[in-house]
Structures are given as structure tokens and as C-alpha cells.
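Order as written gives the chain letters A, B, C and D; numbering starts at 1 within each chain.
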Amino acid sequence: MAQTKLTNAQIAWRAAQDIPDGAYVNLGIGFPEMIATFQPEGRDVVYHTENGVLGFGAAPEEGQEDWDLINAGKKAITLNPGAAFFHHADSFAMVRGGHLDLAVLGAYQVAQNGDLANWRVGSKGVPAVGGAMDLVHGAKNVAVITDHVTKDGKPKLVETCTFPLTGLGCVTRVYTSLAVVDIRDGHFVLREKLADMPLEALQEVTGAKLHVDGTIADLVVPDLSGN
Amino acid sequence: MDKTVSTVEEAVADIADGATVMIGGFGGSGAPVELIHALIDRFRATGSPGQLTVINNNAGNGGIGIAAMIKAGMVAKMVCSFPRSSNAEAFNTAYLAGNIALELVPQGTLAERIRAAGAGIPAFYTPTAYGTELAEGKQVEEFDGHMYVRERWLKADVALIKGKLGDRMGNLTYRLAGRNFNPLMAMAAETTIAQVSELVEPGGIEPEQVVTPGIFVDRLVEVAVPQQEEVLVREGVEY
Amino acid sequence: MDKTVSTVEEAVADIADGATVMIGGFGGSGAPVELIHALIDRFRATGSPGQLTVINNNAGNGGIGIAAMIKAGMVAKMVCSFPRSSNAEAFNTAYLAGNIALELVPQGTLAERIRAAGAGIPAFYTPTAYGTELAEGKQVEEFDGHMYVRERWLKADVALIKGKLGDRMGNLTYRLAGRNFNPLMAMAAETTIAQVSELVEPGGIEPEQVVTPGIFVDRLVEVAVPQQEEVLVREGVEY
Amino acid sequence: MAQTKLTNAQIAWRAAQDIPDGAYVNLGIGFPEMIATFQPEGRDVVYHTENGVLGFGAAPEEGQEDWDLINAGKKAITLNPGAAFFHHADSFAMVRGGHLDLAVLGAYQVAQNGDLANWRVGSKGVPAVGGAMDLVHGAKNVAVITDHVTKDGKPKLVETCTFPLTGLGCVTRVYTSLAVVDIRDGHFVLREKLADMPLEALQEVTGAKLHVDGTIADLVVPDLSGN
């Protein structure tokens, strides 16, 4: 049976393929962090974390953690050669000042004009924003990785966000469990979709019109079930 | 010039009721646990200082540090970017019961507001939060075709910070990612109190390697083997 | 990742006519003499780049560095705080003849405008220059009973800076007070070009001792025994 | 014959006596730099210079200069133990952020409301401002050292500055060749004057009313002709 949707690992793998050699990248807390595991061989990518580290590497072995050496998700990290520490104002100067090539974030909703909602779903509970509102402004490209629909099947790619906004017109590309979609001039432009999925079926689970500009490539991702 | 004091008790002895207190650290890294606990001891013994406004990226974790301050009932308000954590029960409980106020600030704006206070910049413009509910009521303005939000400096009466090396003139270095908000808070408070893992003689820190120059530090105390907040949380310690 | 180039000629080969160029240094300390002279060589050989706007605290001294750029006729405008020096004849002559424009900026405002550009802050308020002729035409505003002037960020196409150690990822340290404007300019230019006295392997600079993280540096070249501007001026060297 | 006015060295000496132990101080380029030479024994004063040094000491021996180690006046300096280097934005954060206890500057004119004119005398020539406009805002106290009158005998303490302003209402104390004058609530308040100088004579060479608030002390300064 053909795969009907990508796993999270496969979405992360696909996003990782687009990160060019030499890029400075911030991966949002949680799901986006997984992208680093799929960094293609031979590419030098420098990862930034909001709490003041540039050039960090994989998690240490369990038991080897130094809890003064963590990322923004408060997970223990290690350092690659050429790493640097700096304070929070310098860290967000990197973010806000346009020095990062790419930020990859999760999303509750992405609108066709690039609006992003990813920090809270309503007014209940304890709100928490972290660095998301800063990251969506400043990085040269802001990508989102997400399931194509919510757990109860509602579109996450929408005409207009209904959840509280993180940023306006900030997202440039979305990697979902079904497709790769660019945002251009207020529209979703479909770049890749699962080969077995008809465009009509994809449109049906997308909350706004998917435009086509040139060819639609097949979204091809290796089986990562070992991951 | 000797800014050192002998004990953490002495270091925090004059923090007043109602003070605004910046506390360094991000999660558990760079958190001045001993200074915080000395402040809790004082509150338990004397009922003071209470009604504090605490500025930190987070709102405490587990049962130690800022979480223990909240549980002790010393904190009237938190200013932070991310009050959520793996165990933020102390804040959550107080917040949902309406016993603590929250000013939520995007992390980069929080850092820049603190830096602005230290640098004498009363207000600045940032793209962050434009068009979101966290910019409601704030002045906005267009520069070069983009929209920005005006933010004010954020000052404090006291900053509690954690350094690695310190000399008696107040020059400091930090350990790894424990740097985070500490150097900014040192600049932004009326009185900056630092705990350091090792006191050295002036000159013991190379002038090119000083991260926080002594002019920003008022008082410092050696805590030779400081506790690490994350380790305490994982051990389930309750202060 | 390897941002190094082999020669200063190569390092400055793509700076365009009409570019805005930040040049690090304060007086002679931290001035990237070899990069400047390579740019002059290119101009003499090809007539390009000309009509430059140069941002530096000063406006050149003696007959080398920025003064030699001005004498060569490459500079249309200087942005600086203190164009006077013991021998500022190159600038003075050009300025009084109306051959060069000047934007005079208070030193702290110059530093903060450059830092703002690097930090993505399009405008900020400062008390500096309020009520003086250097604030004429600028928006003013009251905060907490005091008056402030609104200043804009200051960006550049290129920054030429001088470091001490550098690795191929662009991490830098600086020598003594040669730090000055260099780390700020590195943040504020589209393309930052650094000359360093010693290239080391990544990791050759302790992560806690990096002053300018590599993200701010685009290109670097080793100049193992750099000339010191003040020494050249005192020797009366004309480039 | 009694001394009819203080020398520059004596003015600097007098200003130095008021700098308390433990103070952070910026001395303006030129004449104010002389104050450091008269720092009283046993007082620890940390000197700041705009170009990013805190805790510098005297000039090195001739021939021992390192020209990467200079002050804002571009003079070679040395370091005291506990010195620190930082970049220009941090340096002016110290200035603007109110971290310096005292800045001492020269003056063309000081007005009774504390306005200072010290950066240019007219619109001719090449203007240069340096850090003066920053220093007058931020330091907890801003003092001026100056001759009491100009070379051609005109008052430098005036009702209103006629030269271009450096800052408004910023000066708190003036040390002159004849007197020590505080600025309070828009007035000059005379604190000390040369013992042999009648108040009337001092008033005559002062461009605005000298108020008296309590006793006027004698301005007593040692003979520094050896300096």
C-alpha cells in the first residue's frame, strides 16, 4: 500500500534537504529540532539557539549532560568546533537583524498571506510565547513544518488564521505531511505533493486555494521507519 | 575597591518589599540559585521582601528557585516570555487561581528592553509582535515600508545574577550558555548582586575576556560550588 | 565552511562605486590599514570604487588609511563624530573646498545607530543632542519627564574591520582597545570583511572568548603583521 | 603678592579632591585629563574612556606606547589591575545608562540653568563633537573645569549660552580659576572663592547672578608650580 502521509521524521527529512551548505539556521523548540538529525552529509550548517549559542551539535550521551549547556528547548547539547557563546541581546540581534538564513517553526495555522499562528490556541490556560514572535521577523526565510491537517482533520493551511497570530506575512514555505507549499504574493503555490495523491484530494484538505505555477514535483522521501 | 560580601544572606539583606527583581538564567542555566534561596530564607524568617515583581525568561520550574519563591508567596507579578516548562506547577497554580499577575513579553523584546534600560534608551522600535495581541495598545510606526512596534525600557531595583569568575571590582565572566540574560540584567538594575563560583584578584580575568565590566556590578559573593537548578529539579528537590 | 580569502586584493574586489563602507577603528587603534590600502590600490588601478560614503569615528589622519582615501578622491561623504585630529589636513582641505560631505553624529549615537542596524531596530530614542543643532529636524519625545531625540539605524553595504584572532567560520577576537567600533560594524553591514593577525582552526578561539561570532563575518584574510595606523602617521608615511 | 587666579593644574587639583573613593569617572579630552594626576592618595577611582576601556592608568614611558591601547584623546595609556575592554555600544551604554558617577568636561560657556556649550564656537571650520553630547547626559554628575573668563576677559559663566549648545541643563558644578560654583534650580550658587577676591569683584567677571546659600568657603589650593 502506498504511503498516504509522511511521518514527522519524513517531514523533517524533507525540510532538511533544502538547507544549503553554510547556512545559519534556528530550529524551533520541539518537532523542528528533529531537522538537524537529517542534515545531509557534507553540508556545514550552523545552528543558532535563542539562549546564546551558535554552532551547537547533537545531544550528549545520557549522563553526560552539562545543564549550563542547553538549547532554547532546555535540552542538553554539545558544541561543534567554532561555536560561540553570547548574551540574549546579541542572540536576538542575530534574529531580528536578519543574520539567520532560515528559521523553521511549527504551526497551528498558516494563512495563504503568510500569517502564522503557533503560540496559543485560545485565551485559556497559561500563555507562553518564547522567541517565536522574534524568529518570524528577521530570518531571511521562515519555513513551517506541520501535519497538513489537525488531529480532527481540519485544514492547517487556511485562508485566514483564526487562532492568535504569531506574525503577519512571515512564512515563505510550508513542509506538510502531504505537500511542499510556497507562499507567494498572498497565495499558496504548490511545489510538491505525494505522488499518489490527486490534486483535488489535496485541495480538499487545504483551507485555501492551492495555486500551481509550473510543474508539481513528486514529494519523495525515504522510508525512515528505523528512525 | 571591594564589592564582595561574605554571605548570600548579607548580599540580599536590603531588598525591599515591592521591589522589582531581575533574576538571571534561562531555564536552569545561569540561575543564581543560592541568592534566590537566601531571599526565600529571609522572607520565611521576616515576612520580607514580599509583593515582588520578578523578571526572568521563565516562571520557575519544580520546587526550587523562582518556583519556590512563588510557592512561598513572595511574588506578586512575573514578567517573562515563557512561563511554561516541564514542571511549572507553582506558577500555573498561582496564575490560574488569580494570585499572581503575568506580563508576557516576546523573548527578544524582553532581552532588548532590558538592554535598553541599561543603555539609557527609553524606547525603541521592533518588528516583533506587530499585528499580534502582544502589541495591543502599543504605538506602531512605519519605517522604510515595514511596520514596527514601540517598546519601552525595562528597569529593575535589583538584579540577582550568576557568574563564573569575579574579581572584587565586579568584573565577571559566565559559564557556557549560563551567560544568557545575566550580563543584560547586570546593566539594567539599580543594584546588581552577583554570585560567582570563584573570586579572583583584579587582573585575574584578562581585560579582553571580561564579559561584564565591574561598573555594572554593585555587590558580589563567592558560592564556590553552586547548585545547578536543572539538576535540583530533576532530583525533585523542594526548597 | 571557509570564509577565508588569500589576499587583501581579493577581499575588497567586489566593493562597488557609491557603496557605503563602514571602517572600524578609533583613531589608529583597530584600523584595518591593509584592507583600506588594497581598496585604494584598486581605485588607482581601475578608477573604482569611487563616490564612497565612509563611516568611521574620525575622518582620517596624516597621509594613510582613510586620509589617503580622501586624498585619492574616492570619498564623497564622511559620517563621523570627530573629523578633527592632530593631522586631519586631508579631510579639512576637501571639506573646506566643498569636495566632501559630512554627516556629524555624536559618538554614542553613532555607535548605537550602528548597533541598531545590526540588531534590526529601525529607530530608538536617546537623550543625546536634545536641544542642540545636531538634533534639528529630528523627532523628539518625552518619556518619564525627560526629552529624547529619535535616531534611525545606520546600515552599510560593506564593513572593513580588523581582528586579532579569526577562524575560517569568521569568529573573531580583538586586540586591546582596537575593539571599539569593529564588533558593531561587523553586525551592521551587508558584507563584512575582516583582516586578522592570525588565522586559527575552528575551536582555536574558546567559545566563551569569541567577541564577534562568525555569523556576522562574510570574508576574512590573514595579515600576519598588520601596520598600525598611528605608527605610520607618526613616521609621516604617505600612501 | 596673593595669587589672583588658579593655574589650570590648580583647577584640576581642586576638582580631583571632590572625586570620592570608588567612583567611576570620565575625564574629557584635554584639560580635564589632568585631573587624574591629582587623584588623592588612597582613593580608588576607575577611569572610563569612550573608546572602550575601564580602569586605565597613567601614560606609559615614552617609547613604550602600544597604539592599540589609547584613550579617547588618542593618547597612549596603561592598564590598572581589573581593567576591562568592551565595544563602543557597551561603552556608551555605560555613559547614557547612568552608570558613571561623574563626567568632567571643558567649556566655552556654562549657563546658570546648567546648559553647556563646549563643542564649537561658530559655524566656521570643521565641526567635531565626539562623545561630549553623550557624556553630558547619563553621568550622575557633570562637572566643568574652566578659566573663569575667556582670554579677552569675557565671562564664561553666563545667563544664556550664545555658542551652540552641547546639552541642556546638564552641568551640576563648575570649577573655575576663581571659584567653585554649583548649579541649583536654574541659578549659580557660589560655594568657594579665592580668599582675597571680594564677592563684588567675582560677580563682575561672572555673566549671571551668583547666589549665596550658606557660607562661602575659601578656595584653597596648594602651590603646584612644580607640576
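Basically, a residue touches a chain if its C-beta (ideal position, glycine included) is under 8 Å from a C-beta of that chain, and two chains touch if they have at least 3 such contacts.
For reference, the UniProt names are A, D = CoA transferase subunit B; B, C = 3-oxoacid CoA-transferase subunit A.
Remember, predicted model here, so these are calculated numbers, not experimental data.
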Both-way neighbours, i.e. chains that touch chain D (CoA transferase subunit B) and touch chain B: C
Of A-C and C-D, pair with higher C-beta contact tally: C-D
Chain separated most widely from chain A (CoA transferase subunit B), comparing mean CA positions: D
Intercentroid distance (Cα basis), chain D (CoA transferase subunit B) paired with chain C, Å: 30
Distance from the mean Cα position of chain D (CoA transferase subunit B) to that of chain A (CoA transferase subunit B), given in whole angstrom: 57
Mean-CA-position distance for chain C and chain B (Å): 35
Set of chain A (CoA transferase subunit B) residues in contact with two or more other chains: 85-86, 89, 92, 95-96, 137-138
Interface hub residues of chain B, defined as touching at least two other chains: 112, 115, 119-121, 126-127, 174-176, 179, 207-208
Chain contact topology (line, ring, star, complete or other): other
Contact pairs between chains, per stated definition: A-B, A-C, B-C, B-D, C-D
Chain B residues within the chain C interface of the complex: 112, 116, 119-127, 141, 143-144, 146, 148, 152, 173-176, 179, 207-209
Touching residues (chain side chain C, partner chain D (CoA transferase subunit B)) in the complex: 26-30, 57, 81-86, 88, 91-92, 95-96, 102, 104-112, 114-115, 126-134, 174-184, 211, 228-231
Contacting residues of chain B [partner chain D (CoA transferase subunit B), same complex]: 1, 115, 117-121, 167-169, 171, 187, 201-203, 205, 207-208, 210, 213-216
Chain B partner contacts - residues on chain D (CoA transferase subunit B) that touch it in the complex: 21-22, 24, 44, 46, 48, 54-55, 79-86, 89-90, 92-100, 137-138
Residues of chain A (CoA transferase subunit B) touching chain B in the complex: 50-53, 66-70, 72, 74, 85-89, 91-92, 95-96, 125-134, 137-138, 164-168
